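Below you'll find the structures, each written out as structure tokens.
Heads up, the next two complexes both have subunit A, just with different partners, subunit B and then subunit C.
Our next item is the complex of A and B:
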């Protein structure tokens, strides 16, 4: 109710103010531009293989109706055939040779008729090909890909939070010689594009024999300058007196970190967790060079390998794309409050 | 027993000297108040006692043991911070229990100690609340409770009442005083408010710019301030300082102003009416009626401003000239170095 009221807010009291018209038009256009491709993707992922190739393309997933006819093992596709005298009949197609199709009336399985294919139109019905999704889990090692992706994302995010928050704690709450220099050094690495260090990273991963291991994807990216920066800036706002009070309360440095600083940094940690999940889940380049055996593929790599040179199984590819989008979408939907505050406070994207 | 001793403690941050050699002895069970204007180093001194800052030079002794190298946790001190420094994500109970948990005290004992402290501070009904759900006075009591449960040798208070409103400050002051009597513990208290210092302290330490100006009981400081700074700092309204030459012009006072005196001090509440000829002439510029008393703002012959407290019912109009004197023991004389000149008994 509240959401509806918010969505229909207007500037004009009784009638629409011209700014209302403009802003709603602008918003709708934006919604269309951003959301239509995604919606098209989702709809297409429910189409059968033949429906995807159909021209003209349809928005909703239509597929040809089929019927089981006595004397035939497989269900037969249904067509609407214009007969003599203007009346139309619904017939099932048994076989087709050239431009002539052999058709049968489902009610009278014994009689077949020859029909020119120009005189018939397929009978379509709205049908969601959920098999695109269910097949994924049976047919391919999709489950393994999903697990790989989830494992990398979750473990890497946890490690990122742990290591970055420890670095941020030290940089924000301890006074030591070279503190500024260390911090600047960490921030300076932001200026190095990841592609530049890709080859050195590969060499290091290779020499510690982490190639074709999920840890080879997880470990190189655990310490992120963005994360350290974001957490440090937040931790600077935690009063020093709290830490001094804890110190007087006999707390060890680890306990101060674990029981005082971490819980109080929860908003910043949430932001970093969201970023980390998105980075890891969508990461393509690093897994691509580290993981070459298909049993270690992440979803992103699997998606890529689905696109063959000669043949692409679009219906599976689209279904997989939708599944790949889901986690990030969910993260966004439920934690968007933290994302906006995080971006506002840290100025990072 | 818990005694505290500072031996020529010095502290400097980089090039800035903040504390210049402080010597102080605090006996067991004493309530000592460090008082002074902001920036005088009183908080720094307290933080050094707590172990949060290290002295640059000098020795710090607790119970006769040098503790310079002992960490804050192991000195047996508990500190109440100006901002209370309550852990905002923990309940009142967890706040008070945190220190005990760190010291690996058994859960049952923690529960006992916390509930004892809560009962003492009338916090028993709000143990499950978060600090943000408490009023300023309640937060203050939680901070004190957190100190009490650890049963420290020495309590340290860093301006604990400065965030409270005036009324609450007065009642918390009484509570602190009562608490000190009940616990009998050594307490060191920092404030910039001389009224707090006077009402709470067994012993006041007046600090200025990193040096101790005077140490003594509130009464000693009030009756015999060691120098102009202490004289001006202790007591409200402030003591009047009058150039010695002006004071000598009044025959009633002249004999009591020592030869080497540069200025004399007389507290506003210590003026007495004098016979017209021999008193100090004060031209009344304005009056403030305070109920029981009336505060007069006046000028001396040379333009020096003085304040005079008289009984409330005595009506004095602006523009009147009064002739005032004081009792011999209430005239404070200071030399060229602003130091007190001992009273010569005539």
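Our next item is the complex of A and C:
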């Protein structure tokens, strides 16, 4: 009963009512559940390879301190060792056999000490392993994946805007025979989920020989019923008198389309552009069946194939994931209001 | 900008020619042309071919080279010796995938509607920074399914933060993603986490459209909060609730990418859903059984049509109900 009162109250009070407290508690919990996983991922992506395997994991990217000791090629890991008499010393580990470790004082490189591994604690320091990110471009063909994703997203979005606005223009500003049928046909495709026609779409893409081509992912996606619908509804609000006036001035129909109607539809075009970028950047199933050679992989496919490998190199995989979610996060941070109002008005994603 | 106008000017002669030949009003066909071409090639044509695939067999991709097999594909999918024992079915994975999908959809949709309704109601109260809070719940909607799955996979892996928490509480660690029951739970949880914001937004729009004087009148009449909820909020929110219910159901039935990356359908077939079955039969296994995959798609399509029809029925019923009131 009390919970119901809390849920149904819509009017605020002067003082902070206990239901308000509950609301904010709920919202804060939501903030934690929604963002903490992402934050954890981002912090983990800065951990070194050895730090990422540590259990229990830490939130901040701590990694073991190393030191260069004379007479050893590689930097040696540092440990804090409890010596006799209660004082602790910081020693570098040379090698370890069984439970005994051979250690050396960095100040006196000649003397080695045998230490039981239970008596030592690693010396950790806060270090952001940016090499996880820089390595991606050197060691892997990550640049190619990034390029494929960007190319598909940009080209498909431009074509989507062009094709859909042309169709919307025809469906809102002309009266021709069969216009209604065309509109209904396009809207009907909203009802047909792409997963259902997966096999024949594969056949069509194969027979126009677009398998393993970025265009095989771009072309099937450029005609979106959502886009046509969104733009048509917007263009209906543009007064016909403007178009009549332009016709009086002997403007060609094409010129009317791109000089008058397109600029006036800018808000709707912007919403569609945001949607289209999101759709294409996040697309998975269509690229999965069309692009099977790794040189054509998009970021999503690369992430998927990378995580499926036996020895998942989590430090690279996490960095890759962060780069993949970065553009969407930026778009969201700056255009949140357009996206949410766009969805609320169109009722589509 | 200059490039843009160059590009558009380039297309102008084509449309001028079209205008001369077709006349102004029929020029519309030229404008919808590219869109229709893409739709025809990649949506309408595939629908027809899908029917052909479903009634033909063999491993050839080209429909003309496939032998006619009638209802055999459907027989393979649906035939069981004993319908009370899944192991005796010819394709027991298909049945398991169907049951999993059904279980998943019912659970996920119910919880999705519940959580997004509560969230929308909280967001509809007078709170500071509503835009920010709305954004908080909406953010995961924008993430790609692969990214969503990887975020949770990283938290849930055997050395992950969830197990660290358990160990800190002196409890034995759990293999979250390789124990059937837990894996299923997390597929439901993660998909709600990822999509809840979208439905919250639709419900919030509905709540904000309810005139506030109704609530004022209810307050004057000293209506209890329960009565206010069942007599004002829920009935007026019904159209939005139905939209949410049906959209969520249609999406839940088609769940694929997140689960595919998160659990790969495992352990065993504990989280194998129907679209993954289609993908695996048609594309991932050694022999690509396109006919079988198409038959499964068709079964899914019939199911979705039934869902959509149910939506129409529900909408009409609720509209009729409102008129009576």
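By our rule, the second predicted complex is superposed on the first by the 327 of 349 C-alpha atoms of A that agree within 3 Å, B and C clash if a C-alpha of one lies under 4 Å from a C-alpha of the other, contacts with A are read in each partner's own complex, and residues count from 1 in each chain.
Convention: a residue touches a chain if its C-beta (ideal position, glycine included) is under 8 Å from a C-beta of that chain, and two chains touch if they have at least 3 such contacts.
This one's a predicted model, so the numbers in the text were calculated from it and none came from an experiment.
The superposed arrangement places subunit B and subunit C next to each other on subunit A without a clash. In the superposition on chain A, A:252 contacts both subunit B and subunit C. Of the two partner chains placed by superposition, only subunit B is touched by A:264; subunit C is not. When both complexes are overlaid on chain A, the residue A:242 reaches subunit B alone and has no touch with subunit C. A count of residues in subunit A touched by subunit B and by subunit C gives the higher number to C. Of the two partner chains, subunit C is the only one that A:57 touches; subunit B does not reach it. Working from the superposition on chain A, the subunit A vertex angle toward subunit B and subunit C, CA centres, sits at 70° in steps of 10. By the touch criterion stated above, A:285 is placed in contact with subunit C alone, subunit B being left untouched. By the touch criterion stated above, A:199 is placed in contact with subunit C alone, subunit B being left untouched.
Between subunit B and subunit C, the smallest C-alpha to C-alpha distance in the superposed model amounts to 9 Å.
Where the contact sets of subunit A with subunit B and with subunit C meet, they give residues 247, 252, 255. Looking at the complex, you find that subunit B touches subunit A at residues 50-52, 71-73, 77-79, 81-83, 85, 87-89, 98-99, 102-103, 146, 150. Interface residues of subunit A facing subunit B in the complex, by the touch rule stated above, are 239, 241-242, 244-252, 255, 259-260, 263-264. If you check the complex, the residues on subunit A that touch subunit C are 1, 4-5, 7-12, 19-20, 23-24, 26-27, 30-31, 33-35, 37-38, 40-41, 44, 53, 55-57, 162-164, 166-167, 169-171, 174-177, 179, 182, 185-186, 189, 191-193, 195-208, 219-220, 222-223, 228, 247, 252-255, 257-258, 278, 281-282, 284-285, 288-289, 300, 303-304, 307-308, 314, 317-318, 321, 324-325, 328-329, 331-332, 336-337, 339-340, 343-344, 347, 349.
The touching residues of subunit C, when paired with subunit A in their complex, are 8, 11-12, 14-16, 19, 24-32, 34-36, 38-39, 41-50, 53, 61-63, 118-119, 121-122, 124-127, 131, 133-147, 150-155, 159-161, 163-164, 167-168, 193, 198, 201-202, 204-205, 212, 215, 225-226, 228-229, 233, 243, 250, 254, 256-257, 260-261, 264, 275, 278-279, 282-283, 290, 293-294, 297-298, 300-301, 304, 308.
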